[in-house]
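Look at the two complexes coming up: subunit A is in both, with subunit B in one and subunit C in the other.
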Partner chain A sequence: MAPKIELQLNAAGRMVPAMVNGRPQIPYLGVGKYQPRGRKAAAPIRTAANYPADGNKVVQDLETALRQCGLRDGMVISNHHHLRHGDRIALMALRAAAKLGAKDLTWFPSASFPSQQGAIELLDSGVINHIEGSMEGPLGDYCTQGRMRGMGVLRSHGGRWQAIQDGEVHIDVAVIAAPTADVFGNADGSQGKSACGALGFALADSLYADHVLVVTDNLVPFPCVPWQIQGNNVDYVVEVDSIGDPARMVCRTAQITRSPARLRIAEFVARFLRDAGIMRNGFSFQAGAGGVALAFVVYLKQMMREAGVKARFVRGGSTKYLVELLEEGLTDYILDGESFDVDGVRSLANNRQHVVTSPFVSYNYHGKGNFASMLDAVVLGATEVDVNFNANVVTHSDGRLLHGIGDWQNCLAAGCTILAVPSFRDRIPVIVDQVTTLTGPGELIDVVVTERGIAINPLREDLIEQVRGSTLPIRSIQDIKAEIEGICGGRPQRPKAGERPVAIIKWVDGTVLDTVWQIS
Partner chain B sequence: MAPKIELQLNAAGRMVPAMVNGRPQIPYLGVGKYQPRGRKAAAPIRTAANYPADGNKVVQDLETALRQCGLRDGMVISNHHHLRHGDRIALMALRAAAKLGAKDLTWFPSASFPSQQGAIELLDSGVINHIEGSMEGPLGDYCTQGRMRGMGVLRSHGGRWQAIQDGEVHIDVAVIAAPTADVFGNADGSQGKSACGALGFALADSLYADHVLVVTDNLVPFPCVPWQIQGNNVDYVVEVDSIGDPARMVCRTAQITRSPARLRIAEFVARFLRDAGIMRNGFSFQAGAGGVALAFVVYLKQMMREAGVKARFVRGGSTKYLVELLEEGLTDYILDGESFDVDGVRSLANNRQHVVTSPFVSYNYHGKGNFASMLDAVVLGATEVDVNFNANVVTHSDGRLLHGIGDWQNCLAAGCTILAVPSFRDRIPVIVDQVTTLTGPGELIDVVVTERGIAINPLREDLIEQVRGSTLPIRSIQDIKAEIEGICGGRPQRPKAGERPVAIIKWVDGTVLDTVWQIS
Partner chain C sequence: MSSSAETGTKRVGEAGRWGDDVRSDVHVWIEPRERGGIDIVLESRVKAYYGDTIRRQAENVLEQLGVHHAQVLMHDEGALPFVISARIEAAVKRAGLAQGKRALPDQLPLPEPTPRDRLRRSCLYLPGNQPKYFINAALDAPDGIILDLDDSVHSAEKDAARLLVRNSLRAVSFLPCERMVRINQLPLGLEDLEEIVPECPDLILIPRVKAPNQVLEASQRIEEIKARHGVSRTIWLMPILESALGIENAFKIASASAQIAGLTISLEDYTADLGVAKTAVGNESLFARQRIVNSARAAGVAAIDSVFGDVDDLEGLRVWALNLRALGFEGMGCVHALQIPVIHQAFQPTQEEINQALRIVTGFQEAQQKGLGVTTLGSKMIDPSIVRRALKLIERAQAMGLVSTSVPRSSLL
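What follows is the complex of A and B.
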C-alpha cells in the first residue's frame, strides 16, 4: 500500500499532489502569475586539462561511456526524441545502464513512444523508477494503471527546458543520438543516413547535464558543421552501427487527411484566418503534423496565393507543405524545431531560410520572452475541450494517458490559438462540460473549429468583431456541444474518479496544472 | 598613499598580487595544473510574463535602458570589441551611465582601443573605477602610469569566457552593439551598414549578464536571421543612428607586410610548416591579422597549391587571404571568431563553409576541451621572447602596457605554436634573457622564427627531427640572440622594477601569470 499522497487545490480548481517523487511542488497559480526567483542551474566547471588535446573523445561503447560517467543508482538519464518511432539509442542506453547494475533511474526523455515500450521491462525490474516526459500509448497506459514506481511528470517542450534550466530536473547523464558527429562531440541532425533535422530537444541536456554522451552512426572529420550540439559540452562519443530506423523517424501522423469532415475543419480554419484579417502580409503561423493541420496549410496556401499575401515566418515541425510555402516564396522563413518528414529534413539541411530552433528560443517561459507569443496564429488539436475552452491533449475521456504534450501548451501563447477538432471521435463527443485532464487553460484558447461550426472564446471580442458578416458558421460552443450530444446519444461517461495520482501535468512555468489518476 | 598590496610567488617565478580589486587570486600553478571546482555561474531566472508578448523590447535610448536595468554605483558594464576602432557604443553607454550619476563602475570590454581613450575622462572622474580587459595604447599607458583607481585585469578571449562562466566576473549590464537586430533582441553581425562579421565576443555577456541591452543601427522585422545573439537573453533594444564607423572597424594591421625582412620571416614560417610535414592533407592552421601572418598565408597557399594539399579548416580572424583559400577550395572551412576585413565579413555572411565561432567553442579552457588544441599549427607575434621560449605580448621592454592579449594565450595550445617575430625593433632586441611581462609559458611555444633564423624549442625533439636535413636556417635561440645583441649593441635595458602592481595578466585558467608594475 503506497503512502497517502497529500493533495492541494490549484487555481484551476484541480487537486494536485503537494510532493512528487520527493520534490515539493507549486500548484498552478494562473496564467503568468508565478514569479520565479533565483538563478538558473548550471553544469559543473570542467577543464580542458582533463580532456584529450587532440579532441578525440571516442570510447568503445555505451557501457564504457556510462561507466566513465560514474553511473550510479538513482541517476537521471536523458534522451531526445527527434528520431521518434525509429529511435534505437534510448533503450540501448537504458539497457546498458541495466547491464551495469544501475537501479532506480529516472528516465527523462523529451518524449517517449510506443516503439519504446521495451522500457516497461526496465520499469518492472526497478532499473527505471519512473519516466519524466510525455508517454505515448503503452507507456502512458502502464503509468495510468499505476504500475510505475515513481510518478510520471509530463511537460511541454518549453516546460522541459524550463525545468532543466530552473534546476527542477538535474540530468546526470544525457545520451544524445546524433545523425552526424565528429570525435570532439560536435553533432548535427541534418546530415547522415539517419538524418532527422533539428536536434534542439537535446540542447538543454547538452548544456546542463553533468555528463554528456553523443552516440552517432556517422562519424565525420572535425569539424562537424553545423554543430547543433557543441562538442565543448560533450564528454564522450560512441560510434554505433545505427542510431535508428529512418523509415520510422518520420512522424506517422504527417499524412494529409482524406476525411471529408476533417477537410472541412481544415478549410474552416484557413477561411477563419483569412476572414479575421490574420492572414495578411508579414503574418506568421504554426501548424503541427496532424492530418487536419497539414490540410489547413494547403487551403491557406491557396488563399495566400489568391490574395497575394506573404508570411514573414512559419513555424515547424516542418513538413513538405511548409517547405513548399518557403520554396514558392510565400514565407521568408521556416523556424523549425523538428522535422516531421524527409522534405523538412532536406530543406533544413540546404536552405538558409529554413532555420533550426530550440525549445529555448521557441518556448521557454522562464526566458526574456520566447517566439511562441509572437506568432499571429497557431492551429492545434485536442482530445477534449470544455465549454470554457479549457482543453485536454493527454488523456482520453476514459482517463487513460495516451498522448504527449509536445509543444502544445507553449503554442497557446500565440495571438490566435485555434483548436481544430472533430466534434466527436468513436461516437464520444469532443466538446464536454469539463475536460478529464486539464492541459491548457481556456483563457488562452481563442477559437474551436469543428466540422459543425466555429466557436470563438467570448473573451476574444476582437475576433468576434472581425469575422462578423463572414460566411463562416460561427456558433456558440454550447450550441455545437448540444448538437454533438444529440448525435452521440448524450454526454461522454466520466471516468470513475481515481484516488491515486500516477502522473502530473506541469504548466509552462513549472507549476502543477493537473493530475492523472490511477485507473484500476 | 595606496595600501601595500600583498604579493605571492607563482609557479613561473613571478610575483603576483594575492588580492585584486577586492577578490582573492590564485597564483599560476603551471600549465594544466589548476583544477577548478564547483558549478558555472548562471543568469537570473526570468519569466516571459514580465516581457512584452509581442516581443517588442525597444526603448527610447541607452539612458532609459540603463535606468530600467537599475544601474547602480559599482556595477560591471560590458562591451564587445567587434567594431574595433570604429566602435561608438561602448563610450556612448559609459557616458549615459555617467549622465545617470553612476560611479565606481567596472568597465569590462572584450578589448579596448586607442579610439576609446575618451574613457580616461571617466576614469579620472571616478565614473569608471578600472578596466578589466585588454588595453591598447593610451588606456594601457594610463594604467601603467598608475592612474587607474582599481587594478587592470588582462585576459585572453578564452580567459574572458572562463572568468564569466566561472563567476569570477559578474556582469551587471551587457551592452551589445549589433549591426543588425530585431525588436526582440535577436542580433547578427554579418549584415547591415555596420556589419562586422562575428559577434562571438558578446556571447558570454548575453548568456551570463543580469541585464542585456542590444544597440543597433539596423532594426529588421522579426526574425533577425541568423541570430548570433539570442533575443531570449535580451532585456532591451535601443535603436541609434550609427553604432560605429565602418571604415575604422577593419583591423589596421590587416595589411600585408612589404618589409623584406618580414617577408623573409613569413616565408620561413610557411617553409617550416611544409618541411616539418605539418602542411599535409586535412591539416589546420591559424594565423592572425598582422602583416607577417598575412604574408605567411600567401606563401603557404602557393606551397599548398604546388603540393596539391588541402586543409580541413583554417581559423580566422578572417581576412581576404583566408577567404581566398576557402573560395579556391584549399580548405573545407574557415572557423571564424572575428572578421578583420570586408572580405571576411562578406564571406561569413554568404558562405556556409565560413562558420562563425565564439570564445566558448574556440578557447574556453574550462570546457570539455576546445578547438584551439586541435589546430595543427598557429602563427603568432610577440613583443619579446626569452631564451626559454617564454613570451610577452602585452608590454614593451620599457614596461609600458600597450597591447592586448587577444586570443594569443589560447592559441598556444596548438600542435605547433610558432612565434614569427623580427629579431629586433627600433634597435631593441626581441629575444631576451627574461621577458618583461610573462604572457605565455615557454613550454607551449615551439618555434621562434626570425629573419635571421629559426629556433626550435628543445622540448620539441619531434620537430627538430622532422626538419633535420631541410634547407631552413635552424639555429639555437641563444645563437640568434647573440647575433642580435651584436647588431643592437647589447641587451635591452631592463625597466626599473616597479613596486606597485597596476594590472595583472591572467592565464587561460584564471590564475595570475604575471603583474604589470607602475612606471613613474
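What follows is the complex of A and C.
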C-alpha cells in the first residue's frame, strides 16, 4: 500500500503533490510569478593534481569509470538524447551500474525513447527507482500504470537546465555519449561515424555534475575541435565500439506530410504569419521536425521569396528545409539545438552561420533572459487544446504518457505561439472543454490552426486586428469545437481519472504545473 | 474480405476493416440468434470517449433493421457514426437479414441543385470503401467530389461500399463541391442506383459506355427510382467512354439524354483497348480526346478529361492541364488534393485573356450603339463569333471569381 500523498491546489486549478521523491514542491503560481532566490548550485572544486598531467583520462570500460566515480545506491545518473532512438550508451551505463550492485538510482535522461525500454528490467529489479525525464511508449505505460517505485518528473529542455542549475536535481554521474572526443574529454557531436550535430543537452551536466564521463566511438588525439563539451569538466573517457545506431539517430531526410488535411494546416500557418505581418524583414521563427512543421517551412519559404523577405534567424531542430532556407540566403542564421536529419548534421559541421546552441542560451528561464522569448513566432503541436487555449502535449486524452515536453513549454515564450493541430484524431476531438494534462497555460498560446479554421486567443487583440480582412478562415475556438463535435457524434465522455499521482509536470520555473495520474 | 459464412442454419455476416493501418473504419461481425437479445462486444481505440455512444448507436441501427437477437463483435478504429451505421447494415445484410430495410443516418440539409454548366475543372475521386478520405475531402474545394463505387472498390466489397457512399451523401457535408457518384458498369450499376439515387447526388458517372442505350437504361432507372422516392430534382449524368467503340459513338452518347452534363474518358482503359501504351505526351489518345471535345461541344455539354495519375509530378500535371484547356476541355479528374490548385490554375484564363475579352466586348457594345455590326480592335476585326467567345471566357472567369464586372449576355447577342 503506497503512502497517502498530500495534494495542493495550484494557480492553474490543478491538484499537485506537495512532496515528490522526498523533496518538497512549489505549486505553480502563474506565469512569471515565482521569484527564485539564493545562488546557483555548483560542481565540487577539483585539482589538476589529481588528474593525469598528460591529459589522458581514458579508462578501460564504463564499469571501471563508474566504480572510480564512487557509484553508490541512491545516486543520480544522467544521459542525453542527442542520439535519439539509436542511443546505446544510456542502457550500457545503467547496466554497468547494475553490475556494480547499485540500487535505487534516479535515472535523469534529457529524454527517453521507446528503444530504451530495456530500462524496465532495471526498474523492476530496483536498480532504478524512478525516471526524471520524458517517458513514452512502454516506459510511459510503465509509469502511468503505477509500476514505478518513485514518481516521474517531466521537465522541458529549459526546465532541465533550470533544475540542475538551481540544485533541484544534483547529478552524481553524468554519462555523455560523444560522436568524437579526445583523451582529455573534449567532445564534439558534429563529426565521427555517429555524428548527430549538437551536444547541448549534455552541457549543463558537464558543468554541474559531481562526476562526468565521456563515452565515444571516435577517439582522436588531443585536441578535439570544436569542443562542445570541455575536457576540463570531464573525469574519465571511455572508448567503445559503437555509441549508437546511426540509422536510428537521425532521419535520412525528414519527410513532409502528404496528408491533405495536414498540408492545409501548414499552409494556413504560413499564410497567417504573412497576413499578420509577422513575416517581415529581420523576423525569426522556430519550427520542429513534425510533418506539419516541415511543410509549413516549405510554404513560408515560397511566401518569403515572393515578398522578398529575409529572416534574421531561425531555430532548429534543423532539417533539410531549414538548411535550404539558410543556403538560399533567406535567413542569416540557424541557431540549432539538435539536428533532425543528415542535412542538418552536414550543415552544422560546415556552415559558420549554422550555430550550436544549448538549453542555457535557448531556454533557461532562470537566467538573464533566453532566446525563446526573442522569437517572433513558433509553430508547435499538441494532443489537446481547450477552449481557454490551455494545451496538453504530454499525455493522450486518456492520460497515458505520450511525449516528452521537449522545448515545447520554453517556446511558448515566443512573440506568437501557434499550435498547428488537426481538429480531431481517430474521432477524438483535439479541441476540448478541459485538457487532460496541463502542459502549457492558455495565456501563452496565441493561435490554434486546424484544417477547419484558425482560432485566435481573445487576449491577442493585436493579432485579431492584424488579420482583419485576410481571406483566412478565422473562427472562434468554440465554433470549431462545435463543428468537430458534430462530426464526431457528440461530446466525448471523460475518461475516469486515477487517484494516485505517478508523475508531475514541471513548469519552466520549477514549480509544479500538473499531475499525471495512475490509470488502470 | 469474407462476407458471409454458414454456421448451422444461421449465416454469420461481417463488414468493414480493422487493423493497425486502418483508420476511421470499423469491422462488424454479427451472428443472428433465436433469442437472448443483442449482445455487443466492443473493442475501440476511442472506447474511453465514445464507447457508450457506439453501443447505443449499434443498438438503434439493429432495431431499425429489425434485428432483435444477435451476437455482435465490433472492432472500431475511430469510425465516425455514418460509417458505423453502414458497416452494421452491411454485416446484417450479409448475414441474410434485413433485406429491403435501411438504417439511414440523419440527413443534413440538401445543398442547392447544381446547374448543368457548373464549373467542373477538378473532380476528385475518393475510393468508395475507404471512409477515412470522406470527411475532409471538401476542405480543399475541388469543383466536384466523385464517390467511386467502380474501379477503386474490390468486387467483394461492392455491397458495403454502396451503403457507405449512400450514408455519406446524407451525413457528410461536401460543400462547396458538387456531389458525384461513379456507379459500376451496368447491370451492377443499377443496384448502386437503388441506394444512391434517393440521396440525390448531383451527378452520376456511368462507366464503360459504348452506346447511347446504356445511358438510356441508366437514365430510365434513375427516373423510376426518383418517382418511387418522390425525388424531383435533376440528377446530371456523365458517361465515361473507355473504348474505341465508345469514342466512335461519342456524339450519339453525349446527346442521348437531356440529363447529360458532360462527357469524359478513361485513358487507361481506352489505351488498353487500343493495345498501345499510355504515354506522358498522350499522342495515342489525341484523337479520342479531340473527339470527346467535339462531340461534347456539338451536344452542348462539357468535355472532361481523365485523371493524371502521377501525384508527385505537379509540373507534368500543369503542362497536361494547360494542353487540355487549349484543346477545349473544361476540366479533369484528380486523385490527390495537391493536384487541385494546379488544375484550377491551369484551367483559369490568364489576366491578359480576360482583359482582351473585356476590351472586345466593350468595343462591340460601343460599335452596336453606333449601329455597326462589325468593329476592329487594334488591327483585328471583331465579329459576333469573336464576341461570343469573349463572353464565354468572361462568364467562366466570373464563375472562378476572377472578374467582378457583370456583362449581361442577352443585351449583346
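Quick note on the criterion: the second predicted complex is superposed on the first by the 516 of 520 C-alpha atoms of A that agree within 3 Å, B and C clash if a C-alpha of one lies under 4 Å from a C-alpha of the other, contacts with A are read in each partner's own complex, and residues count from 1 in each chain.
Simple rule for what comes next: a residue touches a chain if its C-beta (ideal position, glycine included) is under 8 Å from a C-beta of that chain, and two chains touch if they have at least 3 such contacts.
On a predicted model such as this, the values are computed, not experimentally measured, just so you know.
With the C-alpha superposition on subunit A as described, subunit C and subunit B fit side by side in the combined arrangement. Looking at the shared chain after the overlay, A:G277 reaches neither subunit B nor subunit C.
In the superposition on chain A, A:D398 makes contact with subunit C only, not with subunit B. In the superposition on chain A, the chain among subunit B and subunit C reaching more residues of subunit A is B. Shared-chain residue A:G118: touches no atom of subunit B or subunit C.
In the superposition on chain A, A:A53 makes contact with subunit B only, not with subunit C.
In the superposition on chain A, A:V225 makes contact with subunit B only, while subunit C stays out of contact range. Contacts of A:D509 after superposition: subunit B is touched, whereas subunit C is not reached.
Superposition on the shared chain A places subunit B and subunit C such that, viewed from the Cα centre of subunit A, they span 140 degrees in steps of 10.
Between subunit B and subunit C, the minimal CA-CA distance in the chain A superposition rounds to 38 Å.
Taken together, the subunit A residues at the contact with subunit C in this complex read 258, 260-261, 263-264, 397-398, 425-428, 451-452, 487-490, 492-493, 495. By the touch criterion given at the top, residues 32-55, 57, 165-166, 184-185, 212, 221-223, 225-227, 230-235, 282, 312-313, 333, 335, 352-353, 355, 360-361, 364-371, 373-374, 413, 509 of subunit B touch subunit A in their complex.
Interface residues of subunit C, counted against subunit A in their complex, comprise 23-24, 45-46, 48-53, 57, 77-81, 135-136, 139-140, 336-338.
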